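Read through the structures below before going on.
Two complexes are shown next, each including chain A; its partner changes from chain B in the first to chain C in the second.
Here is the complex of A and B:
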């Protein structure tokens, strides 16, 4: 905050100071445009590809043939609808369950000392350190032997586990940033430990929880590896279904793009609505 | 209201002894201030009374009940925290009402109580605001209101004024005194600020390294400190300490240093008699370091050089160097003009002498 208020002479020297004031502004605009193009470019190509007929996808910068037929075709495919429903359900359920666990486990890691929090911390640490591609095959075997392969449980449980391992740490950080004396005040004011958590700590953490919810939802929505190995026909998710447009006869780029654009939709909507929370939550 | 009794209370974190054998009785309606440097165990002691820390050994009673195993909510206490600890997501009204709602008080009664507390503290116009919209002083008032509203047996204050700026702190100190007159609840107040300790407490408890050093009224602590630490900690500017030897000169007991001697007043002779010919520490407060030569029968003065002066308006604080390394502070009339390195003749007021054992630091009485 203070950095914004200080006068120019107070801030440390930056190499752009060598430029004239106008030049500096121009430089920042150019840099901004370059960065935006870098991120927007692939999306633009994707959207344009999704609007081109199949024969024109390799020449998207030429010709004026545009069509919505790709979207119609994709939406007419039952597997695609199925995948969207699956992905939505899996992402939402995994988020709801994992937030419940993440918030309480993050709170425990932040506020309590002793053997149980230490053991829990160690477990999470180990799982975070192991590259997660190395869990996939063991998880497949576990799911297979438990008889939950290609069921919702079979994809939900691993996702919830990943969420908990990754996001408990972030949640711990949020709670570390919230002054515990508020909870002490609540204890003195007549709350139990549990009551102080639910009625005082939790409401203060809502922006953080919202941010985390969005992050975990998007994580599962976008996830590919687990979806590829741990799901079959019954619980196919969008990322895997999208990849199935790559066939022996070639890749249906136009259809794949149309589906990809649709898959971006919910993510964009959620991000736009929740941006405020994400920014505030991550700032705590 | 109730009395609070601490019996042989200890707190240990592993091998660290944070609070050692604390014995203290806070009478019904009394305001006791725990004061000491940071890490002296005063906050830990308070938190044990509140139930926010477990007691390693010992007994704490509030009223007739032993509260060692009671959770904070059942101890019937209220606490003000250093950083106010207001519930950020609630309005001021809800902050005040929170404790009453937890006790299932009827909403109509809650309203009466909240309004009454708000009137006492002058925060009626803030009731619909959120804590973050308030200034530090207003937040502190709300925190006080949250205590007052519940009529608890005991108020606990954990450095409530240390987050405020100097001017506001002085103002809130006065408000706290005023509040005390209206709400006479047993209170334990923790601070590291000796001014707060002196001005607020019926009695002051000075702590160091987890142990109580002295429990007494503010004036007694100031005038008769039990050891060198208490003497140096209470009072600003701090007490001066000089190495002296007790000797008989012309049949009178004198405290003798290299460059001066001072006759020990007759009423102190008996308690110092056994220390004769031994080196002791002489403590003297700045206001007892006087300008000029003493009366001949009181001993001799000494030469000093002005090293630093601090003008406070009403008085002038002077730090001088005398006889080698000894630095002495003295309070002087503000009108006096003193130049740097100006030579002075100073003497000690025999009425303001404190003697401490060199090794143990205990006051010789």
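Here is the complex of A and C:
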């Protein structure tokens, strides 16, 4: 009996109990192998590709030549560095602002009843449903006319706008999980509504907000459509720069993989070290 | 004074005349607080979603070529063009809904299976959860690139495997249905973890007693699943399916990187069609009309789904 197969003793029934013990273990191991192959396999292939020299990249499962040259080449490209800096700045700023803007909106949705919250919830629901392209497309022209196309503002503001609907909704869920009686007590003791919100409710929501912040950062870092439409040379973001590797160089899989692996870095670090927060933030 | 404040008018019983303001103003302190709370979010929403949508609606009625200053009003011309465009009707719409349906259904099934897999506590549980979570965390663009490389018809790992098994090479991205299969496979690969983790949280929050009762009654694993787990998870599943369907409708990056809508526009979905009309054919009027038609379609579909979901569970909670 390996440790991997120990089921929790306090849980009386597990679905695999229907199988005979030997079959159960075999089934479990098969499932494990399938999951690793399916979910980790493509990522491993990408990492291995990024470590192969250019001439050996096409038969990555043959030969044992490995090199870090691809990473050196990619890091020597100014456009790549530029894109990483841009993506980092945009993701960080968009996260801070969109969280700051939606905290209060979620709190309102959670704590009040009546026509205003109902109207706001309806608005959020409708604009969450509208496809991104339906407002990013004309936003391109709006930005162009405002003269903020290909500036940080031009890419930052839509990234904030896109989070408003969903985050307000998720924040509402966070505040729903916090008992409002403390706020009522604070109000009775003469605290203002703002005080009850900022000093009583907000501190209890901080862990949940941090979880959402991590996800928000990653979503912005990973976003492609906005970056494709709303950025030019000045504010190019990693996802678009990476996509250009494929079309321009066609067969430069080794360089593209090296850049993709670096772009995956934050995702992997977050998954490994902040998984608790990710799981919490994914909850709907 | 007495007229505006009936409540303090020297001892006379307060009366509220219809032409006089109430003692408490309509926009009370509470309402002002509520509006202030949503003001920042509302302003950003108006400026960067609602204003562009109005702008786009205006453009959709005009002959608006990019960088051509003459923007003549052409009425419903673009709408009529798109609604009679055979590419839109016979390729784009079916593809969009097929992708939406298959991606959501398959990720839901996969997610349920993975949630059950993770639900048992075993020593490597954290590691397996990490592996399962990764596709959701990395950028869809990277996921799509990986799959493009994995399914490369000459050098991909799948091609090597098929060769080893004895199948001839399949040029995945040169034909409609193999390309579409890869698009769906990639989308399911990215979104199954999302379903899995949400459903896992749902599974963990289920009460234990019904399962103990089922065990005492010697119900099989499958019966327990269909008669207990599924009905009890129904609210979570409904919300997941609703959110994910709306998001699947606007899928862009995965299709764009994998096929670009090709071969010969056969894998175009709504977002790709709109993008191509605007930035490849450089016709902003037509692109805007497509964007608005798509938005109206998904609003109608989502509204219907919301109604159905509302019957299953209170989605707004």
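Keep in mind that, in the parts below, the second predicted complex is superposed on the first by the 249 of 284 C-alpha atoms of A that agree within 3 Å, B and C clash if a C-alpha of one lies under 4 Å from a C-alpha of the other, contacts with A are read in each partner's own complex, and residues count from 1 in each chain.
Keep this in mind: a residue touches a chain if its C-beta (ideal position, glycine included) is under 8 Å from a C-beta of that chain, and two chains touch if they have at least 3 such contacts.
Predicted, not measured: the structure shown is a model, and the values here were computed from it.
Visitor: Give one of first, second, both or neither to describe whether A:237 is in contact with chain B, with chain C, with both, or with none.
Guide: It touches nothing on chain B or chain C.
Visitor: Touch check for A:99: first (chain B), second (chain C), both, or neither?
Guide: Once the two structures are laid over each other on A, A:99 reaches no partner at all.
Visitor: Where does A:51 make contact in the superposed view: on chain B (first), on chain C (second), on both, or on neither?
Guide: A:51 contacts neither chain B nor chain C.
Visitor: Contacts for A:189 in the overlay, against chain B (first) and chain C (second): which applies, first, second, both or neither?
Guide: In the superposition, A:189 touches chain B alone.
Visitor: Where does A:91 make contact in the superposed view: on chain B (first), on chain C (second), on both, or on neither?
Guide: Neither partner.
Visitor: Who does A:252 touch here: chain B (first), chain C (second), both, or neither?
Guide: In the superposed model, A:252 contacts neither chain B nor chain C.
Visitor: Applying the document's definition of touching, compare chain B and chain C: which contacts more of chain A?
Guide: C
Visitor: In the superposed arrangement, which partner chain does A:208 touch: chain B (first), chain C (second), both, or neither?
Guide: neither
Visitor: Should A:200 be classified as contacting the first partner (chain B), the second (chain C), both, or neither?
Guide: first
Visitor: Of all the chain A residues, which ones make contact with chain B and with chain C?
Guide: 193.
Visitor: So in the complex, the part of chain C that touches chain A is made up of which residues?
Guide: Touch list, chain C to chain A: 29-31, 33-38, 40-42, 44-45, 47-53, 55-56, 59, 114, 116-117, 119-124, 126, 128-135, 137-143, 145-150, 154-155, 157, 160, 189, 193-194, 197-198, 201, 208, 211-212, 214-215, 220-222, 224-225, 239-240, 243, 246, 249-250, 252-253, 256-257, 270-271, 274-275, 278-279, 284, 287-288, 291-292, 294-295, 298-299, 302, 306, 316-317.
Visitor: Under the touch definition given earlier, write down the residues of chain A that touch chain B in their complex.
Guide: 179, 181-182, 184-193, 195, 200, 203-204, 206
Visitor: Quick one: which bits of chain B touch chain A in the complex? Just the residue numbers, please.
Guide: 50-52, 71-73, 75, 77-79, 81-83, 85-89, 98-99, 102-103, 146, 150, 156
Visitor: In their shared complex, at which residues does chain A touch chain C?
Guide: Contacts found on chain A: 3-8, 11-18, 31-32, 35-36, 38-43, 45-46, 49, 57-61, 100-102, 104-105, 107-108, 112, 116-117, 120-121, 123, 125-139, 141-142, 157-158, 160-161, 164-165, 168, 173, 176, 193-194, 197, 218, 221-225, 228-229, 239, 242-243, 246, 253, 256-257, 260, 263-264, 267-268, 270-272, 275, 278-279, 282-284.
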